[in-house]
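As written, the chain order gives the labels A, B, C, D, E and F, with residue 1 at the start of each chain.
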Amino acid sequence: MSEGTVKQFLYVNRKAPHGTIYALESLEVVLIGAAFEQDVRLAFMDDGVFQILKGQDTNGIGTKNFAPTYNALGDYDINKIYVEKESLDERGLTEDDLMALTYEDEDDDWAEKSSISIVSRTEMADLIDSSDVMFNF
Amino acid sequence: MSEGTVKQFLYVNRKAPHGTIYALESLEVVLIGAAFEQDVRLAFMDDGVFQILKGQDTNGIGTKNFAPTYNALGDYDINKIYVEKESLDERGLTEDDLMALTYEDEDDDWAEKSSISIVSRTEMADLIDSSDVMFNF
Amino acid sequence: MAILHTVNKSPFDKNSLERAIGTAKEGSSVLLLEDGVYGAISGASSSAMVEDAMKTVKVYALGADVDARGIKGRVIDGIELVDYAAFVKLAAEHSQVQSWL
Amino acid sequence: MAILHTVNKSPFDKNSLERAIGTAKEGSSVLLLEDGVYGAISGASSSAMVEDAMKTVKVYALGADVDARGIKGRVIDGIELVDYAAFVKLAAEHSQVQSWL
Amino acid sequence: MKFAIQINEGPYTHQATDSAYHFAKAAIDNGHEVMRIFFYHDGVNNGTRLTTPPQDDRHIVNRWAELAKEHDLDLVLCVAAAQRRGIADADESKRNGKDADNIQEGFRISGLGQLIEAGIQADRLVVFGD
Amino acid sequence: MKFAIQINEGPYTHQATDSAYHFAKAAIDNGHEVMRIFFYHDGVNNGTRLTTPPQDDRHIVNRWAELAKEHDLDLVLCVAAAQRRGIADADESKRNGKDADNIQEGFRISGLGQLIEAGIQADRLVVFGD
């Protein structure tokens, strides 16, 4: 790895959780990737917004419930999470329906702040355009 | 196998060929199944209609071209092939764009006849309703 | 007897639900499971289609899949939540099962 | 430099093409491959969307995939057919590649 | 009632195999017969004994094998699909000149005729896939 | 230019791995560097030596191995994905108490860090999947 290289990473999350493993295995990449000190952003759009919906409980289907793991992202210094408004609208969802993903801001006396920004489809396009690497799963 | 049981089999083909293996492996089931002397019908709808489009040539992608195998269905006494009109329309296709799948009618001096019937979505629903077993891939 | 149509895909991602509903005859049933349960959400772009279908077709959703996805409070009124045993019962009581994969 | 968006799904089955087109900014490119090349068909329900996008975005389709599917004679005028070497060249010439899986 | 089940997808990647498991178990628990479970396409990947899922996750392969042992189920991997995907028993391995096999005990490899036969004999064929 | 390639799907089932192969070959043939091919999700199934495709079909696994040998490519199977799906080398097999392994020579098993590293080092990361 070239020392000191910092790239704009964008993880593009477009798939629903549970029905397939892509969301879970994508989250595993994000967690491992946190150690590499890149500029990391997560984008949730289309059915990907369902990944961070509140109140998921997989007991009945017997699979691993990885939803709580998103809460740990703030501790990994991953706090730039972009959720597309149009995708929420289409599914009848609002920001209040999403998990309250937060981080502690070390530049502001460790105040707890929201990691989530709701963005338009146009802003999402800008985000993709300004990224150095896009991870798609 | 219970001797003498004859069921109405319906193979439901809804997926495009080549991008995934479902169409090819589904065709393998149809060919093996022909030996079991059931009343076999094939339904092509949605992207499944692309499976029997004329002129497919997989040389460039290096995969097995199984399209010609559909021509052999008549020899296996599989001659009830139903293609949904609405699916053709949506894709800008007509019956003329499909492979000429035929069989020789033993009750009519081995005259060569078309195996393909173009049916409406409503007729397709009737076909599903009147089947004893649906194979989906 | 009528057909039990099963749908395991999100209506926002694929056309399976639309297709199942368009083919399900009056008196038949549609069971949503796996990511298909997202089709049970009210107030979404897919809801009107489902509510309209419910005039002629009975719609069920697998409760375990609804819970997994955190959408229990959002399910359209009139969609019946079932467990795996009830899924088996539905499969047995209908003439056949058509899986819209 | 602009993004190369790749789409490998049929527009009749999934929303990937619609999504790629909706996100592709003016001056960027869309490459159709695998089942994505069905989006290159003229006279289909998807064609107007693609033709409209072609006013601001360059659309390519992988020739080998077009041939495999037997749709060479149906490709919308103005969609450029490319081989794998040209796909590599496009990937190199654009700033990044976004795969709409 | 006599059920047959077809599974088109591999373990973990798609929920299909989980749904099929819960369906099969519920059918048995409610007095029905599950005469065969046929694994097709990537479904054959349910039958490898080399999986090692994370400790806190379900072990899908072992779960099938245990259910089969308990209720004498017929778990069939399609031979053609298995060859394409690298699932082999000792015979297949030998026949194809391989130096190892990976099938899980409790599964057997057989032909597509087993699926057709299931379609004929069962009262209901229920398919789980992608 | 330096390319990295990510493959998310298994052989034969999805065309993704074929497209990736043709892309990798074209990149090399046109003087580019392919610094790593990372197999994730079901992509790890590209790395089993137990596949026996029909005689008249391409042998996807061997094709990768040959391309890698010819051009000294780095074919990496993600360890976590491989464990879930039953792809193991001798070390993994031993560590997990298995009696066999199935990795094809020319592939290696490693961690997700290899994908991140590829994202950092490569000029372009191109993903092929479902």
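As a convention for this text, a contact is a pair of C-beta atoms (placed from the backbone, for glycine too) under 8 Å apart; a residue touches a chain by one contact, two chains touch by 3 or more.
Every value quoted in this text rests on a predicted model; they were computed, and no experiment measured them.
Common neighbours of chain B and chain E (chains touching each): C, F. Summarising the inter-chain contacts, the pair of chains with the most C-beta pairs in contact is E-F. Centre to centre, using the average C-alpha position, chain B and chain C are separated by 27 Å. With centres defined as mean CA coordinates, chain F is found 26 Å away from chain D. Centroid to centroid, with C-alpha atoms defining each point, chain D and chain E lie 38 Å apart. Here the spacing of chain C and chain D, counted between their Cα centres, is 33 Å. In chain A, the residues that touch at least two other chains are 18-21, 46, 61, 63, 133-134, 136-137. Residue positions 8, 12-13, 15, 34-35, 64, 83, 96-97, 99, 101 of chain C are each in touch with at least two other chains.
Within chain E, residues 8, 12-13, 15, 19, 22, 41, 54, 80, 84, 125, 127, 129 each touch two or more of the remaining chains. Applying the touch criterion to all chain pairs gives A-C, A-D, A-E, A-F, B-C, B-D, B-E, B-F, C-D, C-E, D-F, E-F. Residues 1-2, 5, 7, 9, 21-22, 25, 28-29, 32-33, 35-36, 38, 133-137 of chain A touch chain F in their complex. Residues 1, 3, 8, 15-16, 19, 22-23, 25-27, 29-30, 32, 123-130 of chain E are the ones that touch chain C when the two sit in their complex. Chain F makes touch with chain A in their complex at residues 6, 8, 40-41, 80-81, 84, 111-113, 115-117, 119-121, 125, 127, 129. Within the complex formed with chain C, the chain B residues making contact are 12, 14, 46, 121, 124-125, 128-129, 131-134, 136-137. Of all the residues in chain C, the ones that touch chain B in their complex are 2-3, 15, 19, 22-25, 28, 95-101.
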